[in-house]
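The following pair of complexes shares a single chain, subunit A, combined with subunit B in the former and subunit C in the latter.
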Partner chain A sequence: MIEWLVEPFAYNFFLRSMLAGMLAGIGCAVLGVYVVWRGMAFVGDAIAHTILPGIVVAFMLGINAFIGALAAAVITALGIGLLSRRSRLKEDTAIGVVFSGLFALGILLLSKTGSYQDLTHILFGNILGVSWGDFWGVTIVIFIVMAFVLVFYKELLVTSFDPGHALAIGLSPELIRYGLLLLIALTVVTAIQTVGVVLVIALLVTPAATASLLARELPHIMLLGIVFSILSTIAGLYISFYVNVSSGASVVLALTAIFILVFLLAPGRGVLWKLVSRT
Partner chain B sequence: MVRPGLANYGKAHTVAVLKDAPALSITDLSFSYPGSSLTALDHINLVMRPGERVALVGPNGAGKSTLIKLIAGLEPEPDRGSILIYGHPRSACYHRVGYVPQRNDIDWQFPVKVRQVVMMGRYAHIGWLKRPGTADREAVDRALEMMDLTRLASRQIGELSGGQQQRVMLARTLAQDADLILLDEPLNNLDVPTQEMIFHVLEALAADNRTIIVSTHDLGILPIHFSRAIFLDRRIISDGPVDEVLTAETLARAYGVRLCTDCPDDEDGEPPSHADSLRQPNDIYRQQP
Partner chain C sequence: MKKIICVLYVFFVLIGAGCTPSETSRHDAPEEIPEISPVQLADGEKLIVAATTSILGDVVGQVGGNLINLTVLIDHGRDPHSYEVTATELAVVETAHLVFINGFDLEETLLDTVRSVASGPIVPVSARIDPLGNEEDPAGENAYGTEEGPESHHHAQDPHVWMDPANVIIWAETIADILSEADPAHKSDYRANAEHYIAELIALDSYIRSQVEQISPDQRVLITDHNNLAYFARAYDFTILGTIAASLSTTSEPSAADIASLVNLIQDNDVPALFIGESASGSLRQLAETIAQETGEPIAILTIYTGALDLPGTPGETYLSMMRYNADQLRTGLGEP
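And now, the complex of A and B:
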């Protein structure tokens, strides 16, 4: 058993990948709490998808993919805010228009320049291809996320719970929202290495959703979400290593499995728990 | 819709009190929602002295919530007119204004505990980059005590009854130590003991020279607890002692029958429901046989 667990670490990329995946997962789990409780899942998904043209353009210009992805994510975050504010469109409509258009642009550009292999890596992740540069990028991003959440905890809390009260005491919920969107953009860019563009939303939403079934306070939900995220990253990487399947899909399915377990069995609130205790 | 964010949040102590200024002074205020051609509020003039309690009444869609949100700073700057709070423009005075939203405006499933919600009232004083201190925690303790919530302090807010939830929102405003307190339909669906408790606290606040506006469509409680009423239907229809404001004409107007021919239509407002029009007059008869 121990041999089975240790064997992958003989490859020096395995530990690096696992650590990078865990860090990205931690960032996603923490921000995911706000994504879930503010109903921002669709925005998160859109930001993840519009990263594709950013990466492709960066590739074409010969600059770092991380920077291209980040620029695209930031532009999306700000663009969605502007578009829904300046027009009669509802926000989810604005998001739908912007994100599908940019995603299509990314596919188009990639079909001219890249290979199918590149597309697969961006769409579905390539956690075993994490370089030391990527690793330090992820570390810095997660440090920024944690610092922001700690420093602005009470502003994030009041604007999420009751934006009206925030306005009444002179705190702009829009300001906090833009800050949060920027952080989501940063974190999503780090997480596409692990799970890819298509599945990032699971990393953002599922740990927080699972933890919300169990805990009743934001900090507890964050901590539980981090635990679920780390467990799933470890499980997903082992499965991927031994069964030779997509690592991103494995991580997400591990997260989903935990969610289903909690949904059914959560003490006092789980579906099965209620059924059993009633009989 | 640029709203001041960085400048005034948490700067409670820096705004001086203007001597002899009214608690609230609204001059020639008109407002329509962005993208709407309908006038939500039309030439509103209103002055309240410190310590005054006013009931804001009117039919659904009359603009009661809009007016309260404008005063509290939840809506963008009005099209014309001014709102002065203790002599200052509203952006200088955020900490002085406490806003208690309608219960439906809050997500009660949100993972936050009673004590944390009440602490949010203190954020007006704490500001950026600081954590709540001893004085803040004591203010929260007092507010919880006053609203009889001490033993519920560590409950998640979704576990409370409707009346208890309303008390939490009022406790938050108490902790904020606001001078002008705005309550939007605070009595909706509350049991009588909770209503009485809220009135008791409002009376204590008024005795402490706090100024209070309560919007309500429940006219039954007015004669007992308020001396002044303002009847709003996009314009101020009448303003004065409760028994003068609540005449047959205004009541008919509030609950379906239109007596004036030039009043604006209720196109974008919700029409008064049958339940309201049937229930409300009865409530009044019960209070004023």
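And now, the complex of A and C:
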């Protein structure tokens, strides 16, 4: 049994993937609490697509694709923020408009660039390919995320749960919202390169969603989200190793499996729980 | 106070952005063959070798034979541009004594992963081959006139070198050299295997020429789904008239103007056949059919193998059979009826 647990760690890449995955998972789970509560679940998916025009333009100008992607992600974040400010449009509407518009721009530009590589997934990394350099890069970004969430904890709390009261006490929900969107943009663009696109979208949403079925206090939701994230990363990587399947997908499926379990069995709110307690 | 933190925060975000992994490191890596030191092999122990693509794997297998323990990552029938490697496969990459890659960034993001995992030397087999690129258009005039301009730099190297058997001969020689350096005890075996395979490649070249000879020179025009036949065209004197998709990305789409100009091109040049790669998407095939219909002529739409080997039992099973099949298809489509 022990051998079975220890064998994958004979490989250096396994350890790095595990650490990077857990780190990214922690940062995304914390950020994800706000993403889920504020209905921004599609921002991650949107950014994963809207970085395309950024990459293509960067390619055409001969500059680093990551800069182009980050610029596009920031434009996406600000665009979503602008379109949905003061509740003119709902956030998911703004996301839909910006997402399709920028992605289409990307397709248009792409068809005019004669690259021998597929630029659409040039930045899509794989959690198994994390180098120590990448690892430190992820650490820095996650550190920034955690710092923001900690320093602006009260502001985020009030503006997320009671924007009217926030205004009354002199806070600016708008500023906080832009800050959150920019943070999501930075996290997504970084995490896409290290853990891949499949994983980053799920990490932002599923752990926090699962946790919110079980807890009601914000700190508890965050903690539970982190736990689920870490458990799924471990499970997914082991499965990928022994069953010879994609690692990113395995982690996401582990996250989803935990969600389904909790959804059915959560005390008080789980579907099966309620069924059983009624009888 | 919090306003100051806001400013600091934006500052740190930018620093964070600067520190994050960049993908250009892959492109700056030179296409050179690294130094190979002999590997200490126990009695009966074989060299552990990994190869990225199925075509490359075939050639490495021919030279290495059963003297090596070979694993091919992007196996038969899988698309090299969107391949997701698994942990099990990477375990082999980490323990491999040698990893062979195509070169010229063919494997894209898989390359980053391989580079950070491999403990042994990574060998780009195409290192001794002079690449073609966007700036050297063998057709003389790309039908779409893709804008050159500031982006023509080292990104624009065509990686599809294997479409010319002469390049695969260079591959075989390179592989034999590398294997011999890693495992000097079997040097003569590797050389012999390579020579045997090179003889077959020369026979393949003759066969292709014999098929091409049955196509009149003014009919040696190629319209394909993607731009991956440049090396073949140069070797056998074909002209690449145009491609349906301008870029290799599966997301790129031709415009209405592109389709119209392709239709005109086909009519003006009396092109009798279009050649679509095995792994082309359904939508591309449909586009090909639409274009063919639009011309009002009977245009054949023929499949060829360009990027990967196919399953055993199919014409695309090995490199040799795949190229013979391609030559036959070309003769069928463009030769005298």
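What we mean here is this: the second predicted complex is superposed on the first by the 213 of 279 C-alpha atoms of A that agree within 3 Å, B and C clash if a C-alpha of one lies under 4 Å from a C-alpha of the other, contacts with A are read in each partner's own complex, and residues count from 1 in each chain.
Here is the rule we use: a contact is a pair of C-beta atoms (placed from the backbone, for glycine too) under 8 Å apart; a residue touches a chain by one contact, two chains touch by 3 or more.
These figures come from a predicted structure and were not determined experimentally.
Trainee: By residue count, which of the two partners contacts subunit A more extensively, subunit B or subunit C?
Mentor: When the residues of subunit A touched by each partner are counted, C comes out ahead.
Trainee: If you stack the two complexes on chain A, which partner ends up touching A:V151: first (subunit B), second (subunit C), both, or neither?
Mentor: Both partners, subunit B and subunit C.
Trainee: Does the superposition put A:V130 against subunit B (first), subunit C (second), both, or neither?
Mentor: second
Trainee: Applying the touch criterion given at the start, work out whether A:L167 contacts subunit B, subunit C, both or neither, answering first, second, both or neither.
Mentor: Touch partner of A:L167: subunit B, not subunit C.
Trainee: For A:M1 in the superposed arrangement: first (subunit B), second (subunit C), both or neither?
Mentor: Once the two structures are laid over each other on A, A:M1 reaches no partner at all.
Trainee: Jot down the residues of subunit A that show up as touching in both complexes, subunit B in one and subunit C in the other.
Mentor: Shared contact residues on subunit A: 151, 155, 175.
Trainee: Provide the residue numbers of subunit C that touch subunit A in the complex, in ascending order.
Mentor: Answer in residue numbers: 2, 5-6, 9, 12-13, 15-17, 19-24, 81-82, 84-91, 94-95, 104-105, 108-110, 112-117, 119, 134, 142, 144, 146-147, 149-151, 153, 155-159, 227, 245-255, 258.
Trainee: For the complex, which residues does subunit A have touching subunit B?
Mentor: For this pair, the touching residues of subunit A are 37, 85, 88, 151, 154-155, 157-158, 160-162, 164-165, 167-172, 174-175, 212, 215-218, 220-221.
Trainee: Quick one: which bits of subunit B touch subunit A in the complex? Just the residue numbers, please.
Mentor: Answer in residue numbers: 1, 3-11, 35, 69, 72-74, 91, 94-95, 97-99, 101, 105-107, 110-113, 116-117, 120, 123-124, 126, 128-129, 131, 156, 172, 176.
Trainee: Of all residues in subunit A, which touch subunit C in the complex?
Mentor: Within the complex, subunit A contacts subunit C at residues 8, 11-14, 16-17, 52, 59-62, 64-66, 70, 106-107, 110-126, 128-131, 133-134, 136-138, 140-141, 144, 147-148, 151-152, 155, 175, 179, 182-183, 186, 189-190, 193-194, 237, 240-249.
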